[in-house]
Amino acid sequence: MPFIQIDVTRDGVTKAQKQELILGATQLLKDVLNKDFSLTHVIIREIDSDNWGLAGEQVTEIRKQINKQSNNA
Amino acid sequence: MPFIQIDVTRDGVTKAQKQELILGATQLLKDVLNKDFSLTHVIIREIDSDNWGLAGEQVTEIRKQINKQSNNA
Amino acid sequence: MPFIQIDVTRDGVTKAQKQELILGATQLLKDVLNKDFSLTHVIIREIDSDNWGLAGEQVTEIRKQINKQSNNA
Amino acid sequence: MPFIQIDVTRDGVTKAQKQELILGATQLLKDVLNKDFSLTHVIIREIDSDNWGLAGEQVTEIRKQINKQSNNA
Amino acid sequence: MPFIQIDVTRDGVTKAQKQELILGATQLLKDVLNKDFSLTHVIIREIDSDNWGLAGEQVTEIRKQINKQSNNA
Amino acid sequence: MPFIQIDVTRDGVTKAQKQELILGATQLLKDVLNKDFSLTHVIIREIDSDNWGLAGEQVTEIRKQINKQSNNA
């Protein structure tokens, strides 16, 4: 009966990558807890980087600063 | 104070169907637990079928296989 | 593939009431969106009334005030 | 390690408002529980008003009725 | 920035199994999306089997029936 | 209609601290988005430190290592 929700920023995750996440998470529950494949659900949520904050700042802005630093290096 | 979240795949659920889900879920909490209508919130999340996995596979692919089988029958 | 999460305060919801919620929610998804019974999951979360706030106040306190008013009436 | 999820209706929340929500929520966890800024994540979910119900009705419809009453007043 | 929530029934999952789930999920996000280990959070929710329903029935009851069938076989 | 969920590790958060979190989060939504106090719900989830992972490790273990380092310093 496991249910897994994976939240990532919306960054062009491809359909194939989503499939890898779904299969990998389902396999993990099988390996660790012997959960039946047919009962495991996985949901992937893609969150706009304006809507995700870390350390009090939008991920959008954190990434801009990282890029600027790389360019100046 | 109930809060209900309904996750379904994004399949063209109509506005009227959403209203039926909201009313039905609110009524259910009233019927079973006598919860006040005015305090019940319902959120419907529509998830792309690429982002929902069951039994290790994307719902998009599961449906393709079911359709293929129907066509071959 | 529906997934329904029902959040209520922890108030001695009985096992039979939980079963009614699960069946009712599953039936609702069948009635409105024709979702297959066997694919619908329902999770009930019971939240301590100290951990649920409404209008800026703990439900524990809101209920105390309602009880006091009833007693004074 | 706090994780905060803020659900609001999709009403044109601006990027600057999102930043205020993220910073404010992170500061709140610092002020009340002394949680380290760098470990707090905030996710803002914007929900279509057709997909949010209160008191058994879609927020879209609740708002229409409020607007009508304002216009008739 | 990934955030992963794993819902399982409360069945005596050991501390070591939880650690395997946490490490496995974090590794999965690293493998598929190259997400930095230090930014991935994992939360495991254990749900009482009375509070989880599948196909309109409590998992507690589903398991009783499976056990009865095994004993009769 | 906002709904806010605050996840923290279960570390003896007091009733008064929970009240501060609830009030602060409700005030934040009022300040930033002018959301009506009476419509804002807040739920606080307390997660066992065995069930929360960061960077691939249980918070329980991360804290043990931090404490050991402090003691050795």
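A few points about this structure:
Order as written gives the chain letters A, B, C, D, E and F; numbering starts at 1 within each chain.
To be clear about the criterion, a residue touches a chain if its C-beta (ideal position, glycine included) is under 8 Å from a C-beta of that chain, and two chains touch if they have at least 3 such contacts.
Quick caveat: nothing in here was measured; it's all calculated off a predicted structure.
The chains that touch subunit A as well as subunit E are C, D.
Identification of common neighbours of subunit B and subunit D yields A, F.
Of the two interfaces, B-F and C-F, the higher number of touching C-beta pairs belongs to C-F. Rounded to a whole number, the gap between the C-alpha centres of subunit E and subunit F is 22 angstrom. Per-chain CA centroids place subunit A at a distance of 21 Å from subunit F. Shared interface positions of subunit A, defined as residues touching 2 or more other chains, are 1, 3, 7, 21, 25, 39, 41, 43, 52, 54.
Contacts between chains, counted with the stated touch criterion, involve the pairs A-B, A-C, A-D, A-E, B-C, B-D, B-F, C-E, C-F, D-E, D-F, E-F.
Every residue of subunit F that touches subunit B in the complex is listed here, in rising order: 1, 3, 41, 43. Taken in their complex, subunit E has these residues touching subunit C: 7, 47, 50-58, 60-61. Residues 15, 18-19, 21-23, 25-27, 37-46 of subunit A touch subunit B in their complex.
Listed in rising order, the residues of subunit C touching subunit B in the complex are 1-9, 13, 17, 20-21, 24-25, 28-29, 31-33, 35, 39, 52, 54, 59.
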